Amino acid sequence: MEKEFITPTSGNDVPRFAGISTMLRLPLVPDPVGLDAAFVGVALDCGTSYRSGTRHGPRQIRHESSFVRHFNVATGADPFKSLRVADLGDIPVDPFSVVDAHEDIYKGARHIFQSGCIPMVLGGDHSLTYGMVRAAAEKHGPVGLIQFDAHSDTQDQQFGQRMAHACPMRRVLEDGLVDPRRMVQVGLRGSGYGVDDFDWQRSLGGWVVPAERCWNRSLAPLAVQIVKHMGSGPVYLSFDIDSLDPAHAPGTGTIEPGGLTLAQALELIRGLRGLNIIGFDLVEVSPPLDPFGSTALMAANLMFEMLCILPGVQYRPAHDPMSFRADLPPDWV
Amino acid sequence: MEKEFITPTSGNDVPRFAGISTMLRLPLVPDPVGLDAAFVGVALDCGTSYRSGTRHGPRQIRHESSFVRHFNVATGADPFKSLRVADLGDIPVDPFSVVDAHEDIYKGARHIFQSGCIPMVLGGDHSLTYGMVRAAAEKHGPVGLIQFDAHSDTQDQQFGQRMAHACPMRRVLEDGLVDPRRMVQVGLRGSGYGVDDFDWQRSLGGWVVPAERCWNRSLAPLAVQIVKHMGSGPVYLSFDIDSLDPAHAPGTGTIEPGGLTLAQALELIRGLRGLNIIGFDLVEVSPPLDPFGSTALMAANLMFEMLCILPGVQYRPAHDPMSFRADLPPDWV
Amino acid sequence: MEKEFITPTSGNDVPRFAGISTMLRLPLVPDPVGLDAAFVGVALDCGTSYRSGTRHGPRQIRHESSFVRHFNVATGADPFKSLRVADLGDIPVDPFSVVDAHEDIYKGARHIFQSGCIPMVLGGDHSLTYGMVRAAAEKHGPVGLIQFDAHSDTQDQQFGQRMAHACPMRRVLEDGLVDPRRMVQVGLRGSGYGVDDFDWQRSLGGWVVPAERCWNRSLAPLAVQIVKHMGSGPVYLSFDIDSLDPAHAPGTGTIEPGGLTLAQALELIRGLRGLNIIGFDLVEVSPPLDPFGSTALMAANLMFEMLCILPGVQYRPAHDPMSFRADLPPDWV
Amino acid sequence: MEKEFITPTSGNDVPRFAGISTMLRLPLVPDPVGLDAAFVGVALDCGTSYRSGTRHGPRQIRHESSFVRHFNVATGADPFKSLRVADLGDIPVDPFSVVDAHEDIYKGARHIFQSGCIPMVLGGDHSLTYGMVRAAAEKHGPVGLIQFDAHSDTQDQQFGQRMAHACPMRRVLEDGLVDPRRMVQVGLRGSGYGVDDFDWQRSLGGWVVPAERCWNRSLAPLAVQIVKHMGSGPVYLSFDIDSLDPAHAPGTGTIEPGGLTLAQALELIRGLRGLNIIGFDLVEVSPPLDPFGSTALMAANLMFEMLCILPGVQYRPAHDPMSFRADLPPDWV
Amino acid sequence: MEKEFITPTSGNDVPRFAGISTMLRLPLVPDPVGLDAAFVGVALDCGTSYRSGTRHGPRQIRHESSFVRHFNVATGADPFKSLRVADLGDIPVDPFSVVDAHEDIYKGARHIFQSGCIPMVLGGDHSLTYGMVRAAAEKHGPVGLIQFDAHSDTQDQQFGQRMAHACPMRRVLEDGLVDPRRMVQVGLRGSGYGVDDFDWQRSLGGWVVPAERCWNRSLAPLAVQIVKHMGSGPVYLSFDIDSLDPAHAPGTGTIEPGGLTLAQALELIRGLRGLNIIGFDLVEVSPPLDPFGSTALMAANLMFEMLCILPGVQYRPAHDPMSFRADLPPDWV
Amino acid sequence: MEKEFITPTSGNDVPRFAGISTMLRLPLVPDPVGLDAAFVGVALDCGTSYRSGTRHGPRQIRHESSFVRHFNVATGADPFKSLRVADLGDIPVDPFSVVDAHEDIYKGARHIFQSGCIPMVLGGDHSLTYGMVRAAAEKHGPVGLIQFDAHSDTQDQQFGQRMAHACPMRRVLEDGLVDPRRMVQVGLRGSGYGVDDFDWQRSLGGWVVPAERCWNRSLAPLAVQIVKHMGSGPVYLSFDIDSLDPAHAPGTGTIEPGGLTLAQALELIRGLRGLNIIGFDLVEVSPPLDPFGSTALMAANLMFEMLCILPGVQYRPAHDPMSFRADLPPDWV
C-alpha cells in the first residue's frame, strides 16, 4: 500500500499570514505513531544563565514558519512527498525547575523515539538536548552528535546547577549517551574561562572546529569531512542558533562575535545529507529579543533544511548544491 | 440531553507560553455546526488607507490570547460552562483586492450565521464589518449596530474605493443591512473633512457619542442608555481598537488623541449585557506596530469580555460590576 | 480682494502615506511674507541634559502629520479657510553649540515675526523657546507665556550652561521678554532639587499649576481661568510634550509620572480660544524613543489644535466643545 | 553625634546619563550596617509563568533611576537629609530553581533586617516577596502587607510549583508571616479561574480592592482608609508594577486591562505616609519588554516615592499633596 | 549653452537631520521635462502576499537619504555635476486594488519616459516593476532586465491575482516587454514550489544566478559577464532589497537566508557601469519592519550607486573599484 | 613583590544579569594610580552631526559587558592575570558644548596618562579622540594612530565647528599629536564630498585602506603589514564601531554599506599584538539605536580583545589564531 503523504496548507488556499500557526502549516496531530518525522516544541527557558525568553521560541518559530514553502529549490529535496510529517504540539515542561523539566522532556522524547518517529525539536534553551539525547540513546544506543554552537556547553555546572544550558554536552558524554569519538562541535568561539575550556571533550576524542577555522570561506568541504568522520551510525543534530553570527541571528540570548553566516549554515546542513540522522533540535531562539521574528524565520528555514536531509527524503533531479543551475559559463570567475 | 462543553487548555496542563496558538486555547474545529459561538479570523488589510499590517491581526490576537483565563472574576460570567465555543480558524480572503475579499468574507460569514452559531471575528481591517453584517442581515433582517470607533467610517469612498475601511458604515446603512435608528457610534473624534462629517447617519436616526462626551467619567451610565435604546432586536457589535486612546492601544494604524481608556471600554462592554447580540468583531489591531503584543493582548481580553455578554452566558453569584467585592465601607470616598 | 487660501493635499489625491512630508501636507514656501501663520522646524538637541534625539523631531512630526485632516470636527474650526498657512522648512541651527544655535534661532524667528506671520515651531529641545520669545518680544514687547510642561525650566544653569533646556524660562524672565504676571505653567511635577524649586517665578507673579491639581478631572475650567488671567495682550504658547503623562507621550527624553492625558491637553488647548496668540512651539519629541511615530503623531495633532485657536480662525456653526453633538439626552449620566 | 548623610551624585557633577548605574546614584556599599534604609536587587525570573525577563529588572531600574532627583517637590519629603541610604547591590540568587532562589533571598534579607536597615527591593519576579517577608517576620513578628497588584498571587501552586510567582501571598499567609487582618490588596482584576478566586484571603480577614473600585476617581481617600486600617504595627509594601494599567507600565510580563494610573499610584503611595513601613519591594519590571526603559524609570520614581514615606523622613514645609502650591483660587473648578 | 546642474542641499547649510525630506536632498519639482534623471516614489503594498508595509517605503527612503553625500568616493562618479537630477514626488496610486494601481503606475511612468528622463523608482512592492517596464518598452521597445532578488517573481498568479508581487516578471515576459535573452536574475534562493520553479524563464533564454553561486566570493567577475551579455541595448534594473541577506536588509517582508552582502551588491552595481540603463527601481523596503531606518538608508545608498552608473555620469580620475587608493604594497595579501 | 591582580566578579558568584554594571564586572576605583590599564567612559554626543545618542554609550557598554568572560580562548590571552585593570567610571564632560567638553576630556585623560596607566575609553562620539590623543602626546610625544572607521574624520569643520566628530583626525595631525607616517585608517567608505577626500592625510604619509580592499577576504595579512609599518613607537588605537558593516553593528548613528565583518575586526585586532599600545578608544555606539544592546555587547567584546593585546598581557600556550585547535586534518579544505 502506498504511503499517504501530508501536504502543508498552500499559500493559495489560505494566505501565508492567515490561519493557525502550526509548524510549516502542517496539521496538528496528537500522536507520533504512523509519522516518519514530527515537529515538537519544548518551551523551556529555566536553563538559561543570561538573557531568558527561549520559552517563547516554539510559538514564534511556528508563527514565522508559515512563510516557508514545501520544496527545496536549491537541493531538489521534496520532503513532504517522501516522508509523513506533522506537528505534535509542545511537550509540556515544568517552567520553574530545570531538573523537573528534564524529566518531562525525556518522557515526551521517549514516546516519540519509541514510536519510530524522528523528532524535530523547536527549542527552548539548549539544556533540552540532554533530555532528547537520553531518550535517543535508549532507543539507538550511544549516538553521534553534531553540535552547531558558539559555546561548548560542557561546563560541569553553572551556579551549582548541572542541568543548566551551559552543561548538556558534559552530561550526555558523562552518561555515555553520546560516543565522544563521533562528536563534532562547529562554531565555538567567544571569551571563556581558561585555556583548557575545550580540552575535556577533545581528550575523549571529540572534534572541535572553532569559528576562527570557518571565517571567510566555504564550509562545504568541512561537511564532507564530517560526513566521512561520522560514518553510518545514528546521528543527532543540535543546532544552537547562536552558532550564527549576531548579524545573522540577533534574536538570541548569548551572542558572540565572529560566528557562521547563514550561507555557511546552509552549506553545512546540506552537506550532511546521507547521514543516519535520528533526531535534531534547533535551540535558543529568544522572541523577546526578536521583535520582528527575523531570527525565528531563519530558524524555521534551517529546520526545513534539516528535515530535507533526513533519511528517506527523495531528491528530484540530483543537484550538486554548489554548481546548481549554472547558467553562467563555468569560467565566470 | 446535557450540552457537552469545551474547556480551554489549562495553564497547569500546558504552560501558557507553550502549545499551538488558537483563540483562548480552544480547540480548532472545521465547522460551526453544533457550536453556540465561534471565533473566526479575517486576515485583511487591503482596505486600509494609512498604515497597513492588520492582516497579521488574527494570528497575533490568538498568540496573545493564551494568557486569558476562562472565568470573568469581575462580573461572574462563566462562558465556557454556558456555551459551546471553539475556534474555526480564518476565513481565507483575497489579499489583493478589497472587493473580492468582501465576497469571501460574506460567504464565510453566511455559513456561520446560517448554522446558528454566533461569529466572533478577529480582524483584520474595519472594512470586514460590511461582509459580516451583510450575512447577519440575511439571517436576522436589519440589525442594530453598536460601533466603538475613533472614526465614523461613513465616507462614501476613499481614493474611489467604496469598500475601503473608511466606508463600511455607509454601505451597511445604504444597503439596508442596519437599522439606522438602532445604530450607536461611541468614541468618534479626531480631525476630519467638514462640519457635517457625522450628519448623514444622524439624519437617519443614528446616535453619535463623540469621545469628548466620554472624557473624565465613568461610562457605565452610557451603557445603560444604549441598552435601553437598542431594545430586544438583534445587535451586532463592532469594536475598532482605535476607539481606545493611543495610550491604551498604540498598535493600530490610525490613532487619534483623546479616546477611551481600557477601564471605560470594560465598563461599556460589561454594561451591554442583556442585549440580543448575534455577532461581533474586533478590528484594526496591527501587529507590525505592536512588537510586544500588548495591543493584541488587550484585544483578546476585550473579545473575552464580549463573549461574556452573549445571550445564554450564565453568571455565578450576580455581581454589580461597580460595587463588586466591596470590602471597604460604602463611604470610603 | 479676497484672500487666496492654501489647501493641504487631500488624501484622495495622494494617499496619506505617500508624497513628500511637509507639515500637514502644506506646500513648502521659502518666505513667510504673505502668510498668516507658518510652520517652521528647529532641529535642536544640544540643549538636552538627559536623553537626546530631539534634533529629529521636526522631520518625524512632519512625517506623521500627513494623517491629520484639515477640519476640526470637535470644535468647528476651519483653519485653512481662515488663514494662509504654509511650511517654511527648518531654521538651520548649529548642532554643536547651544549658544550659537540660539543666535540662529533668534535670527530665523525675527524674520518671521517681523513679516507679520505667526510662527508655529516644530522642536527640537525646549531651550529653543528662548530664541523664539526673544524675537517675539522684539516685535510685540514683553509677552504672556503659557507653558505646558513637566518641568519648570527655570534653573539658573545646568553643568554651567545657562542656555540648557532646563533654563529657558529663567532666561526669558530675567531678560524681561515675558511679563511674569502673565506667565502660567501647567503640569509641573516630578522629583526636584528643593522645596523652593518653583518659588522664584511665583514670587514674580507667575502661576504654577502642578500636575497634582490636574489629576482625575476635566481641565476645561482651568482653561477658563487662564483665559481670564491672560487678558488681551500677546501670548506665546510653549507645549513641552512631556507635560503629557508617559502613557500618552512615551517618545520624549525626560518623562515624569502623573502628567496630563491627551484628553486634558485637548481640553486646555481648545479652551484657550480667544487669546491673542502670537506664536507657539511644540518641543521635546524624540524620535529615537518613538519608533512607530505615535508620539510625533500626537504632537502633530496638538499643533493642529493650536493652529485652530489662532486669532482669525473661523468656526463653523459654533460648538461648545463639551456638549458638542449631544445625541444623548442631557440626563444620561 | 549628628548623622552623616549620603548624597546622591548631582547631575551638575556628573551628567545624568553618565557614570556607574547605582540606584538613585547612591554609593554602592557592601554592608547594611549603619544604614537606615538600603536598596537591594533580587534578579529573579525563575518564578514567572508567562513572559520572563524580570531577572534584568534590577539592572534596568538602576540604570534609569539616574534621572530621579533627590527632593520630592510635591510632598516636601527630603529623604537623603533624613535617612542614611545606599545601594547594597544584588543578593545573588540561583537562576535555575525557584526553590533554591528563595533560600538565597531569605538569607540575604535576614542579614539586612537583622542589621536594623530597611530593605527596598528591586525585583525580580513577585515570588521574591515570600523570602523577604519570611525574614521580615523573623525580625518583626507577623507583619501587615499592602499589595499593589493586578493578581492576587494566592494560588496554591502553578504547574505543581508552590513557590511560583502566582503563589507568594498564599505562602506568607499559610506560614503565619502576615497577619491577614492587616492585609490589603489593591488593583486586582483580569480573567481568572473561578468565582472564589479572592475568597480565601477575604475569609481570613484580608481586604480586596478590585481595580473596578478604583476607576475614574482619586484614590487619596482610599489611602486614608488603609492607613486607618493598618494601625501602628509593622507594614511591608509590595508593589507589582502590573497593578498599573498597561498604558502606564507596558514593560511587564502579565498585563491586564483596567489598572491604576500613575497618578493614582502616586496618590496611594503618598497617602500611606505615617505607616510603620519596615520594608518594600517593587517587582515584575521586565526589561526585554521595555526597550526604552520607560517602565523601569516609572518604577524608579515609585521606589523614590516609597522611600519618601519611610518612618523618619522629614518633610519641609508640610504640604497637603492635593492642594499643594495652589496658585489658582480654590473655586477654579 | 551649458547645462545648469542641481546641487543637493549641503550638510553645512542645513544639518543632515533637518529640513524637508526629499530624495538625496534634491529639490522637489513638478515635472520631469528638462531633467536627465528623476527620483519618483510608488507607495504601493497591495501586491504583497506576506508581510505588508512597503507603501511607506518611499517616505522612509527619502527620510534616510539625507545622510548620503553627493560624490562617490570609491568610484569617482560625480553624478550631480553630470546630470540634472531632481525628485518628482510620488506617483499617486490606488491603495486598494493592485490592478488599478498598475494603471496609475503605467501612466505616471509613461509621462517620465516620454519626457526623455530616466526614472529612478522608490518602491513600493515589486509588482510595480510591471507598470514601469510597460512604459519603458513603449518608449524603448523590449528592454533588457537585470533583477536582483531572492525570488524569481515569475509565478503565474497568487491567490488568483496575476498582478501580485510574485508575478511581475512573468507578466513582462509574457507581454513581450522584456527580451528574455537579455534577462538576468541574481540572488534567487529559498524554499519554493517545485523543481521547475526557474525553468520557464530559462527555457526562454533567461539567465538565473542562484544565491548559492554567489556565496563566499567577490561578484565583480559576475558583473563583467553580465555587462558582456547585455550588450548595448536598453536595460532596466530592478533591485529587490530582499536580494540582500536578512543580516544586511532585515526591514523587508519576505526574507530568505543566504542572500547577498552589501559589499557584493556594491560590487555588482558598480560593475554594471557602461550599460545603457534607461530606468531602475528599488523595491520592497518595509518601514514598519525597519524601526531605525537602517534598511531604508542602505536602500538610499544603493539608489545613489545606481544613479552613479547611469549613462552620462562623469568619473573623476578613473578608478578601478577594487584596487582603489591602494596605499599598501600590492603583495599585502 | 608580586603584583596583586584584580579578578572580575564570576558568573558563579553573581549571575551575569545581576549586580552593578561596571566594565567587565571589574571593581570601580577612584584613581588610576597603581593600575596598568583602566576603563574609563566619555559620555559625549555633542560632537555628532547626524543621529545622536552616543552619550549613553558608556553605560550601555558596561551593562552588556557583564556577559564577557575573563579569558581569551581563541588567542590564549590572560589579561587579568597579567595586568592590574579596573573601571574608573566616567570623566564628567560638558554635555552642551563640544569645545568645553574637549577640555574636560583632555584633563581627565592627562591624569590617567601621567599616572602611567593605559586608558581604555568607552565612547561617546568620535570627537573624543582629539582630547585623548592630546594627552597621550603630552606623555609620549607624537603617537602612531590606527583608526578603524567608515569615515576619515579629517574634515576641517562641520557647520563651522572644528571639534565636530568629523574632524578629530585633522586636528590631531594639524597639532602634531600624531605622526602622519604612522597613521593607518582602515575601513573608509561611503559617499563623500569630492575626489580628494582622503588626499590630505595621504599627502602627509598616512595609509588609507578603503573598505573595498577588505571585502571577501581574511584581514590577518593586513594586520601583519600594519604591525611592520608601525614599528616600536607608541600607538593609539581608535575603533569607530561604524567601521563594521551595518549588519554587524546597526546601533550607531552614521552607518555606511560595505564595512568590516566582526570576524575581520577580530582578525585585525588580534593581529596587532606586539605593538606598543598606549591607549585606545571604542566610539560611536548609540544605545537609542540599539534597543537590545547587541551592538554594545559587540563593542564590549572588541574592547576585551583590545585589552588582550596590550603590552604585558601574557598568553597561555602560544596559539596561532588561525590554526588554533585544529582537530581536522590540515587538508580539510
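We call the chains A, B, C, D, E and F, going by the order they appear; numbering starts again at 1 in every chain.
Convention: a contact is a pair of C-beta atoms (placed from the backbone, for glycine too) under 8 Å apart; a residue touches a chain by one contact, two chains touch by 3 or more.
Computed from a prediction, not measured in an experiment: that's the story for all the values here.
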Worksheet item: What is the touch distance from chain D to chain F, in steps?
Response: 1
Worksheet, complete the sentence: Rotating chain D so its CA atoms sit on chain E gives an angle in degrees, to the nearest 5, of 180
Worksheet item: Any idea if chain B and chain D meet via the same residues, over half in common, or different ones?
Response: different
Discussion item. Looking only at C-beta pairs that count as contacts, which pair of chains has more of them, A-B or B-E?
Written reply: A-B
Discussion item. Going by more than half of the contact pairs matching by residue number, which of B-D, B-C or D-F reproduces the interface of C-E?
Written reply: D-F
Worksheet item: At what distance in angstrom does the C-alpha mean of chain F lie from that of chain E?
Response: 36
Worksheet item: Whole-Å distance, chain A centre to chain C centre, using C-alpha means?
Response: 55
Response to the item:
Shared-interface residues of chain A (touching two or more other chains) are 15, 17, 49, 51, 55-56, 95, 158-160, 216-217, 245, 247, 288-289, 292
Worksheet item: What topology does the chain contact graph adopt: line, ring, star, complete, or other?
Response: other
Item to complete: Could you run through all the chain pairs that touch each other?
Response: A-B, A-D, A-E, A-F, B-C, B-D, B-E, C-D, C-E, C-F, D-F, E-F
Discussion item. Quick check on the complex: what are the chain D residues that touch chain A?
Written reply: 45-49, 51-53, 55-56, 94-100, 158-161, 163-164, 288-289
Worksheet item: Given the complex with chain A, which residues does chain E contribute to the contact?
Response: 49-51, 158-160, 188-195, 197-198, 202, 206-213, 215-217, 221-222, 225, 245-247, 250, 254-259, 289
Fill in: chain A contact footprint on chain B (complex, rising order)
13-15, 17-22, 28, 41, 43, 55-56, 58-59, 62-63, 87, 89-90, 92-93, 95, 288, 291-292
Worksheet, complete the sentence: Residue set of chain A touching chain E in the complex reads 11-12, 15-17, 67-74, 76, 78, 216-218, 245, 247-248, 261-267, 292, 294, 297-298, 301-302, 304, 316-317, 321-322, 324-329, 332-333
